[in-house]
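Heads up, the next two complexes both have subunit A, just with different partners, subunit B and then subunit C.
Presenting the complex of A and B:
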């Protein structure tokens, strides 16, 4: 999730896209990824190289790529939508790509980046999510059995405050800085004119580039990424709610998706003409007279289009009251016996 | 003998009757066909426009019968049409603006942002519910925020947007039209669009569609059109047509590096290697029409497979055709890089002016009132023609219809038909449709004044100082042709000539869009509540606090302290000495 808007927050979009890219490379398909970007940097008019988002200066690595699927764009990235995705309370007409269809066997990775403070994360400069709300959302997910294990990574200033309040089991959290510290950005690019990435995510990306779907690296190595000498802030982590030992947790448990493949030695013959598979169309009835195209600008028909007759509504209370008042005043003034003269 | 003859006659009759009339062959596989085409047209300003059209046509009726086997027609769209009772669907996502004045009439224009208009079948009972579901499903397919389409930006036009496909009657209550001018178009919208093509982006003309080049352009528009068409010349059965079009205009300065010579490699950084194997026709057309009836200015290489003349938009045009399916094309080299070179430098005074073009702007000053002005130009020397103007204005710009003025050549021009639907706050936008006669060689100015509303503080978007967009207005007109068009066989003519069904050759139908407007609403300063709280609390603390202190503070005499241990010892010694204590 990237929560920042405006061109100078280019680095937050680059952070999110680089994690997205690593996760796709390690095997998780787009149908299992919900990507939320609060602003569009790639086709922003200020981007000198449209349709690209770079993470390294000298424009080495385009993390936007050619095959990106953004599920929540621009104004759709709000606290409400984020919490609805997590808890599953989504309006019924939401398409599948925008839902988190997880069950109690799913491992979920949540990566958030943006501007934050002690106990909150700012969404699009107009609202914020607090650590208490986030902890409650995770508890709802736990009670509805929407996850098996959850890894929460946050890259903002004072990021460790966001995981202080978690109380649901099976959650492991990483943050880029402790309470009271700011997370810093890595390097600006003079061609694009803004900072391209944040330090913590830059080193995490470097670490992830060496992981492949079969690697056995575990979480302890991820905790060592970006020591204070490189990151200037102190990354933190929290594993007390997690039931397994981080030593035994593989990186690919969360970042990759390893599918079980069974290899068989027997051959299957695919019959070319399988009966019953032909498309059985019901017998069509042809029209008796030829169908026509509509006229695009039927001037005569338009001019003579009668306006729709407004339905007659009985007069409302005000009109009735007004008329009753007028009639009462009239008869009070002139007396009821004059009525026959009036009519 | 007689009985045998009767039986023989019966058998002969049965054999001769063949399939019963009125019934199509059941069980025969329905044919579907793909045609792809690319049109390169150099524009008068030195830019070049490339229009891709991919047409999948399926001879089946999606509405009836449970269709389960999809071959070329994408399943996502086929199921959408069947499930929601859609008769026609037109969705366009556009970035940029087509400058009609300088580039000429567009083959198919779309307004900036996202535009969706749909005709539903008469069998649909709740059109609004189907419309809402449709926009949500499309937002998932195309990764666009089409779920923001709701009653505040949907209108029901009564005269524009007549169906482009076969139609049995045009009850406009089955039509819905919405525009989202703020919508951004980027690679995430192009990728699902490409995935709907039968060959994807792996073969045929779609290999040229690379995002880094397509979005580095002045105008990029991708659209999906689904409509029912005649299956054959007799038009007794219908087929469904899916047309995917992509128009991109490469800028002379940024992509062309200041040179007017273009080539496929320069535009797309790729060349064509083969046609899509699933396509029945795959062609590249280059517009080599001479301008101003002089000798050819444009040279194409390699030499085209044929030259085709057609009457497009009322004018006779010549096209060089490269047929990717003809074996002779790839004889000399494995890839096709069409190059366009100008034989002599083009004079800028030769720029032809299109017959109909328009512009729109906001007038006025301040944040209270303003004025929307639309200028429509008819540059035809002697023919007048009518145009329908459709304007959709969001509810927070309150239009005053009594200030609507239409002035042509200094005199007031009364429209033949006006349909105005006022807005309702937070539920419906303004809709203004007018049929105006444009006299020959004239400029028509339409102005209407509005007042800006103050929104509730939660209704402002996160970046309210950017401004609020007003969608483009739509001009639909039947423009008189220079050359009369003959009725051509739809299947043989190029795709770019056949989207708008033409009824008579003396004029052609064109739909133009004006610029979208960006209007500032009075925006509160959102940091003010915090500032006010700080200031008020400081003032209260300082003033009231001091006052309270002055009024309630009491004064006591303080006992001098007894002193520390050393002092007490010293006092004890001094007492013994008889000296006064410290």
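Presenting the complex of A and C:
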């Protein structure tokens, strides 16, 4: 999830896209990834290289290519949509790619980047999500068994405050800086004119470059990434809610996708001489014309629907009281004789 | 409901033209099984053929058997690269079960799957829980090396369907039982599963559904306790009542032994409770910590309130003074 927009937040989009690339490289298919970006970088009029987003100085790697599937773009990245995706309270018309179809055996990786503060994360410069809301959303996911284990990585200023309030089991959290510290960006590119990546994500990605789908590296190595000398901020992590020892948790448990597979050892024995079966329930042959297109979609209904009239409620007690107070004060201070002129 | 997709993967169309009579096979072999299982869930079946779809793993060449082998620990990495091309996300909102038939390339024929002990698997197939199964169909090398490519291959659907339907049974949790030698187990024939296995499935699902409904409704109640300002709409409330009523009837039917009625009731209970819990209106976005309340509302209302309060005080003082004056004057 990238929660910023505007050209000067280029690095957040580059962060998210690079993590997306690594995760796809390690085997997770697009159908299992929900990518939320403001997506205003590649085609931004200020981009000297249109249709590209680079993550490295000297423009080595274009992380915005042909097979980037952004599920929520631009103004759809809101706190409400994010919480809806997490908790599953989505309107029925949402397509499958925009849903989080996880069950109680899925491991979920959540990566968030943007601007944040002590206890909140700013979404699109207009709203914010607090750590309490996030913790409640995770608790609802746990109640509905929507995850088996959850890894939460956040790369913002004062990121550690976002995971302070988690209370559901099986959550491990990583943040790029502690409360009171800012996360810094890595390197500006003079050709593009903005900073391209954040430091923590840069070192995490360097670490991930060495992982391949069958590797056995565990979480403790990920905790060591980006020490204070390189990162200037102190990365933090939280493992007290996690059942297993981080030593035993493989990176590929979250970043890659290794399915459980069983060899099929049995076969059925089918009777091969079965002729084409007539179905048990004889279907009535209805001579129907194929539906014309206009009849299939109730377009007329949709277009001519009047907007629902909102019921008018009389003003409530508080507003009435306030107005009565103001009017009384006015007439008392300036004298009753003004009432004659009003009525 | 479930969506079952049969896919034929042909990575080498230059060498093999593969024909499979999937419609006939579905009618002859798959439909009886699905008809029997229709009590448990609704199924819809579709099929597709994918060209140039390769497995993500390169098989090893084994000189002794002069064949290619896929070892058991490389199998988990086969599924993901191929899944992106299956198009299961466009299919439907129901869970999809994929059954893939892979015809290896000429250069990698014949291809066998090795189990953990190193022996080739007789079915040449493997499956993944909650996802589906893959079977490798080896084409015999042509007798004379001069036969023109592409070779025409007619897939033996019966053999393939035997494996796929066995995988379907395993995915539903029905494995073939070991019977002690004195007993004779009647084969279920083309229906795929015996009546007692169907009863077992219904019973297991009923119990699971009832457990799910109770946890869902309890967690919904807990959620409402914790977050006070969620508004429950009338239709959400009616769904909850229906779910509770259905669960109660499911439990009574189970105790009476009416398995089918209990299963239907439990299915309805699950749908109602899920609809109630996941209703889009139940999103709680209003989190107002105390310091936010102070920070937002005081700067707004304090300047407005100060003159009003002072004027009120002045009014009260004046009325009190006036009340005292007439008594004093006389």
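Just so we're on the same page, the second predicted complex is superposed on the first by the 257 of 343 C-alpha atoms of A that agree within 3 Å, B and C clash if a C-alpha of one lies under 4 Å from a C-alpha of the other, contacts with A are read in each partner's own complex, and residues count from 1 in each chain.
Criterion: a residue touches a chain if its C-beta (ideal position, glycine included) is under 8 Å from a C-beta of that chain, and two chains touch if they have at least 3 such contacts.
Fair warning: this is a prediction, and the values are worked out from it, not measured in the lab.
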item: First (subunit B), second (subunit C), both or neither touched by A:73; value: first
item: Partner chain(s) touched by A:210 [first = subunit B, second = subunit C, both, neither]; value: neither
item: Which of subunit B and subunit C A:130 touches, first, second, both or neither; value: second
item: Contacts of A:264 with subunit B and subunit C, given as first, second, both or neither; value: second
item: Contacts of A:97 with subunit B and subunit C, given as first, second, both or neither; value: both
item: Partner chain in contact with A:240 - subunit B first, subunit C second, else both or neither; value: neither
item: Which superposed partner A:60 touches (first subunit B, second subunit C, both, neither); value: neither
item: Doubly contacted subunit A residues - partners subunit C and subunit B; value: 96-97, 277, 279-280
item: Residues of subunit B touching subunit A in the complex; value: 22-24, 26-27, 29-30, 60-61, 64-65, 67-69, 95, 132-133, 136-137, 139-141, 143-145, 147-148, 158-159, 162-168, 170, 182, 184-188, 191-192, 210-212, 214-216, 230, 234-238, 386, 388, 416-417, 419, 435, 461-463, 476-478, 500-501, 503, 509, 526
item: Touching residues (chain side subunit A, partner subunit C) in the complex; value: 27-31, 79-80, 83-84, 87-91, 96-97, 103, 105, 130, 132-133, 136, 140, 143-144, 213-214, 257-272, 274-277, 279-280, 325-326, 328-329, 332-333
item: Parts of subunit C lying in touch with subunit A, wherever the complex brings them together; value: 24, 27-29, 31-32, 35, 72, 75-77, 79-81, 83-84, 88-90, 93, 113, 115, 121-123, 125-131, 133, 135, 158, 161-163, 165-167, 169-170, 175-176, 187, 189-190, 192, 215-216, 219, 222-223, 226-227, 277-285, 287, 289, 307-308, 311-312, 314-315, 318
item: Subunit A residues touching subunit B - in the complex, by the definition given at the top; value: 5-6, 40, 42-43, 49-52, 64-71, 73-76, 93-98, 124-126, 277-288, 290-299, 302-303, 305, 307
